[in-house]
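Next come two complexes, and both contain chain A; in the first it sits with chain B, in the second with chain C.
The block that comes next holds the complex of A and B.
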């Protein structure tokens, strides 16, 4: 029985590590939704582009890993700004569901573009880090790094939003989209800045994921749904809610996956999500 | 005019077009039917990303019951329909009762289609998991067809079966289009509170179209499994196929009867056309059609939100109206 408890503890701790990563994944999406009121269905595909960017620069062009990652983050940030400028801006005044769907078109495009450019083979960085053993438990080192960086990324985003002028303007726009233009804030520019920031967070997530997982063009589909559901569970646009939801989901996946099988962990998490939606449709922390 | 075109279509197997083009026509009709099923609720403001769930339930019900218990696909399809209806009510009722609309509805149903896919994968001992499943053949010893097992080696039989189902789907679409429910739901999709205040039962109206749509999609899944004789959790459930249905409808035109079918034809012909046009180059760029498709979807939603057929009809209407 004792052994079982140690492994359960390991699953719980792994869940916390996963939670940090999921929190970062959902943060950018939540930010964009909170400010622009659009859900990027293709958000996970932008993360995938970040992963491929790091892979290409590091493995094919032999850039140092950290430089490749910085470039990866910058390129996804640029992609985010372009995405807003050319895809979202033309449908800003259209029906909300069209805004959701147009990003779905981008999803297909990015997935196919990645297949064209990189093929369907699994790629990886070839960086192997040894697992960390604590007592009888072992943890993957990339996961620990990912957790630390994700927490730092979330904290940095929080500081940016609360301490900087641009961040304050972003928060102001998300609170009242009609009044802010009267206060001399240009919503168009704020939207582009927010999209770039959301893209940068996607790029950062990509850098962390590429350390742990093989890359393939459909990888977005494996963690995309969970990212949206975390945002919705926390209350779309509510960043604190998103953080809490990320840790709840991660526990379901990790512990549920440990007790049953990994798919059942996801099934339990999704069923939990559906049940919560009926109880609090606005999300656990969302207001009306 | 309408009947003439239909007669032309019904004669397709006798034009000597060969097996592969006939297969394409059958696929156009089958997906046209499934997309039409989706659009019955989609056009009324209920954008569901969960139809992969109903398609998957339909497909896996027939194959699993047939393979493990020898139950005829006819009964399997009924079981699939009942299961889909139950799932539709379990998800739909609370959604409509608690006014989960728009983004939230889309994302809750997205969770549903992922749950279905993951359950199919997780039950790999029974379902074959990601490798998919093939119905045990009933066509041994030179039997060309088995009615009880719903397996026909002759594509002509399938052509007429699926043509009939497609027509039935259009009939249901037209029926809903002319019914009171459509008016009620249109009012709801514009202003839910106001619609409720004039005595429309919002929950019941929404549940009604959701049930029709789910049941029809489930039948589509069963047909797909029996026609293709191979199913796979990725192709009949999950987020990909759910999005594909939504986009097929958008590309073709959500608000016109033949719009979803046009969407299905467009999607299939785009892939085939590129395959023909590019020849060998196509083999080197396996996802080129998807890339172009994705790009076109973005352009469609931005510039032609009414879809191909919707826009064409509008242009036709403008041209024929005297100035």
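The block that comes next holds the complex of A and C.
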């Protein structure tokens, strides 16, 4: 068969690389929803803030790149904690639609703030990494780094959630919020910790994206919807489902884009999403 | 050890407790018995600060719990096994125990207390890696009691440990309670299963519609006409 060639294999491998990154993108959003039961519509905009933080520290203040990235992760983690304390906490017992609108408001706030602070022109780090060639196939080096770091980030989050006391409490509170005080756990503090962790994951995603893409205030819109769709496809709040969905989505985009055209990759992925929603509205691994 | 003075509490405009006073001394096992809806669960929830008191006071070892937030009650040495056990169904048995040892002071003693819980309930050791939601009712009760013991409490509050369990299991649960008392824990237990619980505790209070109706040593209450006629059907 003509189509089964080395470039198809390249597309599949690129899809796996993309899948790792998408898995990391959706993990934080999923975690926050699973624990606090609020969807942060503005999650991608927090990633955008992380990208700007790395850009500002590295390009304008000449910090070493890794230091700028560490600071970027820390600042988005702080932003996540503040987001919970000042935006989510007041509406915790409100109607879901109001919670959604509030986080949507934060989306526009962050976009406008970024426009004011950085203008609308595209910025980039100016870091150029050569592509990696394996035989006839060629892979973008930033993508390989992004994949490796994303997988490490997902694994670290998994270990944290399963091994540590705080991580176990984060999983427990999503099962029974009311009795947590009987364990000596203050639910409010766990929520802040979860939000900070979700923020840190957004910050890490920002570090990986800023290696590959130019930054502009509306960049959140180019991967925010897909992040959200991956969470829904996997079963909102189900982290394992999110991982599976990320890799499925990435294959549709990458291989679909190879067989047809780049834009068609997204079209096929979204058609697949809609089809799954008819078949399983709760998502692949969703419970209720 | 624990003293309640004229405690009133309720939910919104509904008042469930009307001036309840009781006392639990160190080393004692005490039951609060009474029919469904008497306010027994509310009483334990008030002690653990899961609901606020509208009047009265709770003191633990002489210290008022008035300004202690709910998540710090356990640090005062009060641990509660809630009604319907309320295990974390999608955590393993061992992870549930871990949650019981969440306090920093308890984390240091996790391994030691876990072994104690396993020696008390060998079945839990067999099932340590199993999800709590897949345990049988009696096993879930063991796990819930184990979880409450992980903080090393001075006072253990048990809310209806026999609820929803088969009669044979109820008997073994009561034997478990007896063993825990024998281990030196001070226990306050709330039960509808009056005949069974009076066999294992030292003293009891009878709670009806939010008020203490009578109290006394278990044997006395078992023999009293009031209890026999109304609750034991004799």
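Structure notes:
To be clear about the criterion, the second predicted complex is superposed on the first by the 284 of 288 C-alpha atoms of A that agree within 3 Å, B and C clash if a C-alpha of one lies under 4 Å from a C-alpha of the other, contacts with A are read in each partner's own complex, and residues count from 1 in each chain.
Keep this in mind: a residue touches a chain if its C-beta (ideal position, glycine included) is under 8 Å from a C-beta of that chain, and two chains touch if they have at least 3 such contacts.
Bear in mind the structure is a predicted one, so any value in this text is a computation, not a measurement.
Once the two complexes are laid over each other on the shared chain, residue contacts for A:182 go to chain C alone; chain B is not touched. Comparing chain B with chain C, more residues of chain A are touched by B. By the touch criterion defined above, A:134 reaches neither chain B nor chain C. Of the two partner chains placed around the shared chain by superposition, chain B is the only one that A:100 touches, whereas chain C remains out of contact.
Taken together, the two structures place no residue of chain A in contact with chain B in one case and with chain C in the other. Residues 39, 41, 87, 90-91, 94-98, 100-102, 104-113, 115-116, 120, 217, 221, 224-225, 228-229, 232, 236, 261, 263-264, 266-267, 270-271, 273-274, 277-278, 281 of chain A touch chain B in their complex. Across the complex, chain A meets chain C through its residues 165, 168-169, 171-172, 175-176, 178-187.
Residues 45, 47, 91, 94-95, 98-100, 102-104, 106-108, 110-112, 114-115, 118-119, 121-122, 238-240, 243, 246-247, 250, 285-291, 293-298, 300-302, 305 of chain B are the ones touching chain A in the complex. Across the complex, chain C meets chain A through its residues 48-50, 69-75, 79-80, 82, 86, 88-91, 95, 98-103, 106-107, 147-148, 151.
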